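Structures given as structure tokens follow.
Shared between the two complexes below is chain A, which pairs with chain B and chain C, respectively.
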Partner chain A sequence: MESQQGEGGTELDSQSSIWVNTGGNKMAALTTGFGRARQGGAGDPREYKAETAAGGDKLGGGGGGGDRGCSFLRKVSVPGSGGGGGGGGGARLRSIAGTRPSVQNGQLLVSAGLPALDQLLGGGLAVGTLLLIEEDKYNIYSSLIFKYFLAEGIVCGHTLLVASAKEDPGDILQELPEPLHDDNYKKVLDEGRSHKSQEEPEISMKIAWRYQNLPQMEAGPGTSSRFGHYYDVSKRMSQEVIQSAKWHKFFLPEEITSYANVESCALNHGYTKLLHFIQRVISEQGFDGSNPQKKQKNILRIGIQSLGSPLWGDDICCADTPEHMHSLTRFLYVLRGLLRMSLSACIITVPSHLIQNKAVTSRIRNLSDTVVGLESFIGSEKEANSLYKDYHGLIHIHQIPRLNSLICDVSDTKDLAFKLQRKVFTIEEIKTSNSQSPIFSHGYHIALCSLCGPLNKFIKRIFVF
Partner chain B sequence: MFPELNNLLNVSPDKPEQGKFTLLCDAKTDGGFLVHHFLSFYLKANCKVCFVALLQSFSHYNIVGQKLGVNLIAARDRGQLVFFEGLKSTVEVLFGSKEQPNTLKFIRESSSDLKSLYEFVQKALTPSGDGSATSWKFPVLLVDDLSVLLSLGVEAVAVLDFIQYCRATVCCQLKGNVVALVHDSDQTEDEENAMLMNALGHQSSLILRAEGLVTGFCKDVHGQLKILRRGLLQPKSEQTRSLIYQYKIQDKSVTFFARGLSPAVL
Partner chain C sequence: MLQILASRGDLVLLRDSVEWEGRSLLKALIREVALKGEQVQVLGCEVSEEVFREGLDSDTNSRLVYHDVFRDPQGWTGNWGPLGILRACLRGAEPGPCTLAVDSLSWLLLHAPCSALCQTLRALGHDNSHPGRVRVLGLLHEDVHGPGPLGALRSLAQIEVTVGGNLGFTTAQVFHPKPRHRSIEQTYWFSILPNFSLEFHKETLLEPRPHRGPQSPTVDAMADLTFNVHLSKKEREARDTLALPFHFSSEKQQSLLHPALASSTSQIFYEPDADDYLDQEDPDDDLDI
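Right, the complex of A and B next:
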């Protein structure tokens, strides 16, 4: 049976220019094996890896030549032969820290940094996909979610790539929140609860119920093997944890020394540079599987701040009919291609509230996988609404991808609000005073959000049909 | 393929219609399940399929196809399926060496047409004259989806030209079918997309339109499917007949039912 390495060699010789495919072949072959292993009904992640170890080698022999498709489903296991030759058994499989397979269809997921948001997104962010955050008006809460994503990457030991046109990425990393440890977390939660109980009876949280269960966290910095951590926003991450992280930085004013008129591939100059930078990091660090010698697979977390803003040289936020209307959408398309063929997850914040042309907003959404919009109440008329008095803003899950399946894990609740307590960011379903179930329950109840308590009960009795 | 949808459309893999242009659109929801349906339908009907996938990777369609009973890898190996993966080609065009066949060269240039893409389709579907043993029923072109081309800077007129060329070759000359997906964004001001959709709607003989429910999100009914048949050859009888069904998507199939008669309600 030919070894994995030998096969990789022939692929390289015959298609030397398409070096990308080499890794992709093996990876895609593994993917189909994984998919089949999953259908066997294995529930334990360790069983996945065991079955794939047996199936992976077989597939490597048979499917490597034929399957030229690249898949973003980089599965956890790499047969040991990829590292050192010999395609037989004894393959040692290592899982990537900070990832887990999805319960629904076995995809590899990473945490977005907020366990509540992970649950809304169907368990986490799939590897190889793009999370688009539509910024709130003053970019307060979206930058917080951005930082949660990066902090989660550091705690899990992933490699980061931070790109910004506004702040130096080094400064962004200095402001990351500190991970919470077990006993500290209980204290924070109790403070929050006692605060609330003075005002009104405690609302049982449907979404954030996990906050009531204490997580088992390992103390101290270093790679944590848990999925999803909690962070204390009022404190900064310690210096030694940040220093221990591996990260790449792209700060636009430093990269562009002169605005040359050369525009390759009809993209904005800044976007072109960023794409080349990302592609270089992916290929040099081996995130696309092109370097089979690399024993430990890792995830690349890409964070791009305020894409589409005028600081990137784009004018879709400035004009009704922008001149470079297609720059950002082309960028997103190429980025999608890069993500799909590598072990990476990307978060992008876009100031959508500044984009006048709604067509561009919908095109941007169609080109992203997961789209989350934040709407803060600061300065808006909703601040006075009694329904929203406990919250700081609304969170809209606009889109969740259907990856490798016909269905996606959409949560039932659509009325979600967030609030930033003194230390923790929570997402909750908006509870009206008298509702006990989601709005649609066999069409018999009417949504009575804006009425107050006793009137609610009275009217419901009349209108039940 | 979804057997219930076959019943609604009155087709079966044994006797599919020929020479038709089917337009798939979705509004406020994801119409991707229709693409999976047609892909597996035509593969089961033993047709030669050229699939231009611009937005998702090959393994996405493969894994769903396995749930629907077709094996895309095997189909590609035996030559029944020609798969064009837009994302992969884009990365190769931009970051690979310059000698790549520039099927997607409009990515690089700011104003270009889709001629190279059409030539790719033509080469894939025209039967080669070297007497290959297996003969397929008729060629089918499947595009997912055309709205992405507008996002990439191609003009709507160029996309319409591309579809016109493809229809002339595939539908009229080779007596095959063309199926294309377009996102409808009537809530927003995307005029190019609206123009594209209207023009394609007039050229098509069958329009399948997946819409979200007007009343909002519901767990048991995922959306509504409008089936419009346009009788192009019968000017006197009614031009369009339209049927509306609601559907719920499950892991391996989609169930259709009449409006208001969801199994959750009955």
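Right, the complex of A and C next:
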């Protein structure tokens, strides 16, 4: 194989297999087929006489090399970015603050505000999807997760849209938790863990000693890139931060002033107004790409509280045979369409413990992308169970979406419980004092992940490509 | 009991049933509030005004502002339905802390859609002319309704009082859910005197109890297993001293290096077969070690 190096380019002979460009940029590419590419340095006009094996592969990027005949190169569409073959979402979307591409399927993810919940949902919440939280009985912990989501939006600089029928959205924003810095978080977490460690001494493992130092559920700050943030629930977010955030509000009693039963046959009056409002915000602020001159792309975080409760004018929670059973399901269908065509992520809390008709509950779950259910122990007989004495409730991950892939990253353990300490909200697996099962489950989890990764990519290339 | 009811901006749900009625407790609470000098708005739907005012002393009666729906349940004389009257209750009230007693929410539920009632109650509690100082006491007959409307009203209420009775005394179980195991659940034993004052009894043991039913013994997940989960001390010691198979300990090393001598049981007897080819030459002899 002959290769001749110019100042920043290479010349590739035919029938060569591997070449390395060691000029200005270092990149290795595997090529198949025949081709000849000649490149100069940046700024020289490029001329190629190449026969492409797979048609339509375009090259971009100043100086980013690649052979025309290669079908495994990713499409790079932004000139001058220099990051040829970057993340699956494309180089320009990566520049939105507070997002990152998923390692499983390349979707753009935003954090849900709780790093433990992000881990359970497969890295985060995908942009354009809907997170449904089935409320616990007195709506104490689900409103906390709702506030975490909004607080994360403010910290990342996203635009918020808060809709509620019960509380004024301004009051909701006043109650957001305060973000913690890295060193503070370690102290706070150790406070919480010190109570536990006094009860059970750490059992050092003799057989599986390599797994002893694995993190339990959530990674501490600093282990990965700055994706999720940590919050202190006992303090409120400061006023300057809240005021610097950009947000839109929808408060139902202010929007609907007359209490007459004005309902269109398809949708509840309140739902129709909310959908119009969301659609207006998306198109006016350019979240759906309708303003191409917009210099900086941003994410819209939508939060709707207690949807389907009687305060929205819907009766699926109050009646056994509701009159407008399809109102909420139609709303979710239209909302998901709005989300898919814009750069937004939405969280909805639904009091599904009040819905009597189980068919409606399963329809609502099918229409959402990610479904998380909370079950608190307040006032229930589970409070007396010794297995649950350290926790405040159970958390059930009912559904995780399979976006552009055949497999989703479902956590292998189904016994998850949450606990609200004074400052943090933690999610853990339920451990009995004698069992070492969390360690084993971690081992299986790692094995499964390493298997699913390449398998996932393989399937994606064959079926979806 | 009344200090719990002292919080404002709340919906307090008084749930009674066929076994024990709750209207007398409602009147007793109204009397307590009126004795503090507050005005009480009453929406009476189920009994007539005379029956309601009966038994209350004149001080209380003077502070009661009664809105009567019982006389005209269908609203033929006025233009407002029952919900309209509910909303209008607070319009004539003097500014300041205000209490609204609804005689019964069950009657309103039967005559108005549940979602509209919930919206109205929420709007009342957050009325702009009395910001954060309206308290709504609602009487609800829980056996009249299905789990749907009952659950909807319970989720709207901040405090629930369940009225019951036992041995001639009235009990009230007060439940106020709060996060982190800090919910307030207390049971009060009292009797209501003919003038609707409350007399608390010494059986008022303010112990927090589980809200549902009698106290069940704590379930031990480790009991009734068919296998032994716990280790005795001797067993634990034996486990600790057990040599693991893949640990290359020094004893094993010694036993490999120096084969045991008195091993009459471990000799190998070999009888060569006719087909076996025994090569006397050892190929390792060529090695030069």
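One rule holds for everything that comes next: the second predicted complex is superposed on the first by the 308 of 465 C-alpha atoms of A that agree within 3 Å, B and C clash if a C-alpha of one lies under 4 Å from a C-alpha of the other, contacts with A are read in each partner's own complex, and residues count from 1 in each chain.
Here is the rule we use: a residue touches a chain if its C-beta (ideal position, glycine included) is under 8 Å from a C-beta of that chain, and two chains touch if they have at least 3 such contacts.
Remember, it's a predicted structure, so these values are computed and weren't measured experimentally.
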item	value
Which of chain B and chain C A:138 touches, first, second, both or neither	second
First (chain B), second (chain C), both or neither touched by A:351	second
When both partners are placed on the shared chain, which of chain B and chain C touches more of chain A	B
Partner chain(s) touched by A:240 [first = chain B, second = chain C, both, neither]	neither
Touched partner set for A:166, first chain B, second chain C, both or neither	second
Partner chain in contact with A:381 - chain B first, chain C second, else both or neither	second
First (chain B), second (chain C), both or neither touched by A:333	first
Interface residues, chain B side, partner chain A - complex	30, 32-33, 36, 55, 57-60, 62-64, 66-67, 73, 76-77, 83, 85-88, 90-92, 94-97, 99-100, 107-110, 147-148, 150-153, 183, 185, 188-193, 216-219, 249-252, 254, 264-265
Of chain A, residues touching chain B in the complex	17-18, 20, 24, 28, 31-32, 35, 63, 66-67, 69-73, 105, 263-266, 275-276, 279, 326, 329-330, 333-334, 336-338, 340-341, 357-359, 361-363, 366-367, 402-407, 410, 412, 414, 438-440, 442-443
Touching residues (chain side chain A, partner chain C) in the complex	137-141, 144, 165-166, 206-207, 253, 259, 309-315, 317-320, 351, 353-354, 356, 378-381, 383-387, 392, 420, 432, 434
Contact footprint of chain A on chain C as seen in their complex	83, 113-120, 122-123, 146-149, 151-152, 155-156, 175, 177-181, 183, 185, 210-213, 215-222, 229-230, 244
